[in-house]
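Chain naming follows the written order as A, B, C and D, and within any one chain the residues start at number 1.
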Amino acid sequence: MARKEYSFYPGCSSERLTSASNYMVSVEAMCKKLDVQLNEIPDWNCCGASIGYAEGGELPRHVMNARNLAISEQVNKGQDVVATCAACWLGARETKDRLAHDSDLLAETNEALREAGMNLQYKGEQEVRHMVEVLIEDLGYEELKKPVVKSLEGIKFAGYVGCQTNRPFGIVGESFENPKYLDKLVEIVGGEPVEKYDQKVTCCGGALAFSEPEKSQAQIKKIIESAYDHGAEMIVTPCPVCQMNVEVYQGQINKRYGTKFNMPVTYYSQLMAVAYGGSAKDAGLDGQVIRARKLEEIAAKGAR
Amino acid sequence: MADMKIGAYVCQGCGLGERLDTKALALVAQKEGKAHVVREHEFLCNGQGVAMIQKDIDEGVNRVVIAACSRRAKAEAFNFESVAVARVNLREQVIWSQPATDEARELTQEMAADYVRMGCAEAKKVLAPTANAEHGTNKRVLVVGGGITGMTAALEASRAGYDVLLVEKTGALGGYMAKLHRRVPYREPFADPQATGIEGLMASVSQDPHITVYLNSTTTRTSGAPGRFSVDITTESGQTVTENVGAIVMASGFSPYDAAKLPEFGYGKSRNVVDQAGLEELARAAAAKGEPMRRPSDGKEIKSVVFVQCAGQRDASGAHLTYCSGHCCNTSMKQAMYFKEQNPDIDTAIIYTDLRTPGNGEDFYRSAQRKGVIFTKGKVASVDVGGDGSTTVHFHDLILDDKAAIMKDVDLVVLATGQVPNSGVNIDIPPAASDVDGAKVGEHAVSVLNLTYRQGPDIPQLKYGFTDSHFICFPYETRRTGIYAAGPVRRPMDITQAVEDATGAALKAIQALENASLGRAAHPRSGDLSFPTFRREGCTQCKRCTVECPFGAIDEDEQRYPQFNEGRCRRCGTCMGACPVRVISFENYSIDSVGSQIKAVDVPDEFSEKPRILLLACENDAYPALDMAGVAGHTSSAFVRTIPVRCLGSVNMIWITDALNSGYDGVMLMGCRHGDDYQCHFVKGSELANYRMSKIDDTLKNLNLEKDRVRVLEVAIADIGRVPALINDYAAKIQEIGMSPFKGF
Amino acid sequence: MGDINTAMAEQYRNNFLKEVEANVEEGQWVKMCMQCGVCSGSCPLGPAWEHPPQEIFMMIRAGRRDEVLKSESMWMCTSCYNCIVRCPRELPITHIMHGLANYAHRLGLAPKMNPTRRFAKKFWNNLAKSGRVNEIELSAGLYFMDGFKTGIARAWAMKDIGIGMLKAKRLNPFGFVTHKGCKDKKGIHRMLKKAREIEDRRKGFAA
Amino acid sequence: MADVVATHETIVVVGGGISGMTAAVEAAETGKNVILLERAPSLGGRVSQLYKYFPKLCHPTCGMEINLRRLRGNKRIKVLTQAEVRKIEGRAGDYKLSVTLHPRYVNENCTACGACGEAVSAEIPNPFDYGMSHMKAAYLPSLMAYPQRYVIDPSILGTADAEKAKAACKYSAVDLDMKPETITLSAGAVVWATGWRPYDAAKIQPYGYDRFANVITSVEFERLSDPRGPTAGRIVRPSDGKEARNVAFIQCAGSRDRNHLKHCSRICCMASLKQTTYMRERFGDEAQSTVYYIDIRAIDRFEDFYQKVQADPTVRFLKSKVANITEDEATGDVILHGVDTEGYHRYDNRHDLCVLAVGMEPSVDVRSIADVRVDASGFIELGPTDGGIFGAGCAANALDVNRSVQSATASVLRAVQVVNRVAKAEG
């Protein structure tokens, strides 16, 4: 039996051949080394994401999340729900919070849930947590350090936390304005955190990357520019939306602003997968649009 | 009185032994100071040193000269009962204010020797004071005003075991608070209006065997002093009883600002525009009938209410009240809640510029919002009264920057007007001037206390008619000893504050009568047993002392001589400073006690190039600043000789002319700031000194001396670096103008 | 839709605040604002807001119904939650903005061509179809929502990104056909329909 | 401490700031016996660290001098410093206080001659200047310190420095073997006047107090402005010592905020208004002060002061809660971001220095020590009339100095009522 077991909510972008599939790959590799077992919620559905508000409204969004949680309560009894995606985590957790404080809304939610299959009823029994929370709170930095076999020495990382992993809930003990856990994780794997990086919680534009590209790209530019200014070689993030926005729009930003950005944007789990001895493939490094060469080099080297 | 026997003690500790020739100083004390016992000690303030002095006292020494550190240090160690003690400050103001160099040694020693001479001279002229045997011992408290403040003061004093007389002008207790429907909450959860509880309070007062209530009565004559006030209490029908009390709490409350002065807000044009008092009246009347509040003009249902904050307040133009009354934001929120309670659908809007709900008032603010009270930051321009009884409020919406914002179909407009203190006669405005400004002064020209004091019938007002203290650290210090103002007469305030204020004022009243019964002074020279006396045969009845006393302590007796009422006296010595014939003195502070110090200084001849500068320093601020300058290592001229004075107001011109006549090259006076933000602890002392000194030029001219021979300076206690600099500047100035021609006479 | 708007305007005549409280997600918080403006200053897209949140709250209190509901402002929300965590009155501002946008959208007052409104609609419809987002279909749908020609132009402009994603195996070119979504699609459809019904009933939309 | 006599008629005052000193002096001058306990090595409390008081702009030391003279001259008052109350048990008229006396390592023999301070070389952060300056580890807490006696900081115990201090003292005042001591005091009534502490500015993360050198608190600005402070009154930036001519004052830093302190701390508006006058005093027309506020709470006659400051062209007011602060790393300037809500004007304002008007919270959690009723913020509420422990000053509410003194005076009467009752009963 694994050391820790969680009910896992991967979310749409973690599926194979989707925007965060590389995240998923690295999470699997990381969890394996940490002896953490993720039990996927069967037939989970989309969280609705924040942007779902306009058409989805209030109750339908809660119902979507409640369905996942209700299935989890039914199937993965006694386990905390863990999400890797910031939006999934936030959506699910918001629903849990709101239903806990609004009995009318809870009743309405369950009324709608009855229409779905599996004879579901949401009770609110399980905690909803982010993968990073689980790593830090349940395992702790000491435990996370133990499986490290390769040091990411010499790589400077700008820890970009973004919005939704950080606000409004965030990680216990961390501030909304200056969370330090990514820096600590970077240190654990032997990398060098850029501590003065001042854009770690700047919004990348999120879901508006498509509808308001100029505005969101202005945000992304700030995020990358500051990373360069502070000497970072890579950005590391816990959020798939952040990762994608910051990584894939660099070409467009270069065109728009005449910059020469080519900054790899990685997940914390990729760093850990490499440090834990995983191959570039294990760490999903083949999924980078902008290759993280230095990481790949370390992954290619034998364990020290 | 036994023969004078002076003991002089020279300490060698804290470097005094190294920096000074203490043996020589001891010799000075003995030879020049005529001390009977002279001792040096290596560590005078320790048990052994103190015991040594005590032994001498036990053996007959009755004047003690301690040549050691500042009087502000080791006060407990050198606190000898029943003997006069002169402290010679060799540490802070001699060795610590002079460079520790060989070159400086001679001047430092001369300085120390002078101070020893001065200390001995002072010791000869002062006595350990004993209280006046004629002090009053009445321990009853008079409370004027039967509102929440007065009732609280009465009950709290009674609870402490004191008898109270409570005088109320109207036919019932309760005051303004009895006119309220509910009060603003005063404890958690600060969410809803609360019952005033005034009936219970009134019952407690009426039933308290220690409280005697006089309704329909006013105080028509108040004379005497703490511990022996005599008060005439006269009923409406004209019957008068005379009562004796020990202290007085004045709780005469406030009147709402006259909303009729605000026609632009529709007051007087429509019954549907009311002030906060008017709204309370509506609410009480409705509650009494068990009905909802209705529109006053036509009894229609109220659907919309607008509250106009700061109506006739915070008005920088001076047309209305300049100040903020503090309670009105909370009061309007409370009143808006009346309507929300009546029907949550009634629209209530509060138009404000700064919402002022300090402390837990913030909870009340949130509660009002939660109940749906709307808050709009804006400035109301006018209220238009429509023919159908509804009104339109025109305002500048400051957030949406809409200068033409309006609220239509308003059924009721409530004006948050301010508090105007019922403080009686403004004694600082001469009667003639009150005619000029008739409207304002005339309204409140009825005296509250009818004091028979030479200086007027009521407590002096500070600003806007409030009888507040000007002192941040001493809020209860009115300028009439034993009379304490409390509640909104003192400062605009709400009920919670008035209760706290009343309790504090009651304590001060009790303290005043307890002190009076022992003949002790009140703040700031608390406990001082000395009191002013005068030589009747020398008095010219010029009245300067009676006029200038900042505390109105001095009346005139039937023969027009000053009558000091020492219970009212704060021992500042302003009278002593004022007296042109120098007949006023204290046992421990007199023209002579300072004058002889001035004369004791050894003034070298004009060829010595050693000028002498006299520095008369206020003991509360300038003198401590000099001490601390020494501690902080600032050096200053060795030619200065400093004498602490109780207040610059106590400085008599004779000291200055004596100093100049005896060859001093310059005289400095250092006192506290005066003017609007005065810091003089005796209110007027430094101002009077400045006034008196403004006339010194004539004296100097008569003596054929330069104007710069006398310099008056304002300093603060924090001027630790500045004070030595001022001294050095002045010393340089004296160098520049040269030696006094009066040396050697 | 227009009818609902008229009905709502009638029902809450003169009191837009009450309308918002009744019909907008977390609308009951609007009255708690004390106009400090921390939300307005905290928004990453702040300068793009014609009326920032705190001002919108004041406009609601002042009854400026049309101005608010027709505004582009709420559509600028990136859901970053800065405003929520900094608000000294703990107003769930992000949700209120979403709620207002949603309400305006439901009443048909939201600006027709607002790109975020249109994106959000596509997004929801995409996820609701199978229970999960089909990224390729969503992207394509977005490119081509203004017709074939603009779609091609947009896709061309974005081609490098698409190619990059394809190369990185983070986009499924066959997703139009292979995307499976949830198994219980029918159940999800029924569930969402029901939720919508309940919400419409509660908010008086069930015209 | 055998010389401390306390009976059921004694009033114990806990806290030696302006409220506690007032309470002690007022009670003693009413004829009551008082024991005044102070946790620090000297009296004076928070106000002694202020440069000036509003609205008169006078110096706190001035009133302190008067109070100290009243206190020194009154034999009814016994002062114990470095005294920490651990527990209060009993009831009105019969309390037992367990008090720990921390060692000063300097006894009554001390004359404050300063020899030990000169002898010692170790330096420690000076708490009087909120750590903005350093002082010798043998020190007089301030120029106005009462008792006027040195303190040896425990950090040098066991080092050569401690021995040097001991050797330097000619009066056998240095006693390195002092130990903490716990005593029990009787009291009829207790006035609890432990005052306030500034809210931890680092918790207000958007303002970066923990990250940016040029973001300081209002209490630190007081020290910076004080000629006796760490910079001798020069208003300069911590980052580079450059004169700070363009200063931002942020109101409600912690106060009126459900994320921090839910109450309004009352004094901060006035404190900032006052501090703009420090700017004018130093820099004249060159000064630039900007006050970012939600509501200016200049209550009662303080309104005059507000109007006076408003009329000063060097002072600007913006109705805005600043959203966040960033730092220009090259210059050390701070940039405040936000929206002026009066008409919606967005700003990114550059300043030399930013002063956070931090809120007040009670400095001691009294609940663990005594059975008293407190509000949600921890301030002592006036309890039922049969109690004998009374909050005074900022232990009872967020108050300015004037109101604290009023509160202290009122609390004395409540205490006097208790001991007079006891006296009557005891005959």
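Just so we're on the same page, a contact is a pair of C-beta atoms (placed from the backbone, for glycine too) under 8 Å apart; a residue touches a chain by one contact, two chains touch by 3 or more.
Worth saying up front: this structure is predicted, and the values here are computed from it rather than measured.
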| item | value |
| --- | --- |
| Chain closest to the middle [Cα centroid of all protein chains] | D |
| B-C or C-D - the one linked by more C-beta pairs in contact | C-D |
| Centre-of-Cα separation between chain D and chain C, whole angstrom | 50 |
| Between chain B and chain A, distance of the C-alpha-averaged centres to the nearest whole Å | 66 |
| Mean-CA-position distance for chain D and chain A (Å) | 46 |
| Contacts with 2+ other chains: residues of chain B | 355, 377, 399-400 |
| Junction residues of chain A, two or more chains touched | 176 |
| Two or more partner chains touched - positions in chain C | 34-35, 54-55, 82, 85-86, 89 |
| Inter-chain touch pairs (all) | A-C, A-D, B-C, B-D, C-D |
| Residue ranges of chain D touching chain B (in the complex, touch as defined) | 18, 22, 25-26, 29-31, 51, 53, 56-70, 72-75, 109, 111-113, 140, 143-144, 148, 170-171, 226-228, 232, 256, 262-266, 295-304, 307, 319, 341-344, 375-377, 381, 397-398, 401-403, 405-407, 409-410, 412-414, 416-417, 420-421, 424 |
| Chain C partner contacts - residues on chain A that touch it in the complex | 12-13, 15-22, 43-46, 48-60, 62-64, 67, 108-109, 111-118, 163-164, 167-168, 176, 202-203, 205-208, 210-212, 215-216, 219, 248-249, 251-252, 286-289 |
| Touch list for chain C against partner chain A, complex | 25, 44-45, 48, 76, 78-82, 84-86, 94, 98-99, 101-102, 105-106, 110, 115-121, 123-125, 127-128, 131-133, 135, 142, 160-161, 164-165, 167-172, 175, 182-184, 186-188, 190-196, 198-199, 202 |
| Residue numbers on chain D that touch chain A, as the complex places them | 205-206, 208, 210-211, 324, 326-327, 329 |
| For the chain D and chain C complex, residues of the former touching the latter | 206, 252, 256-260, 294, 319-324, 337-341, 344, 346 |
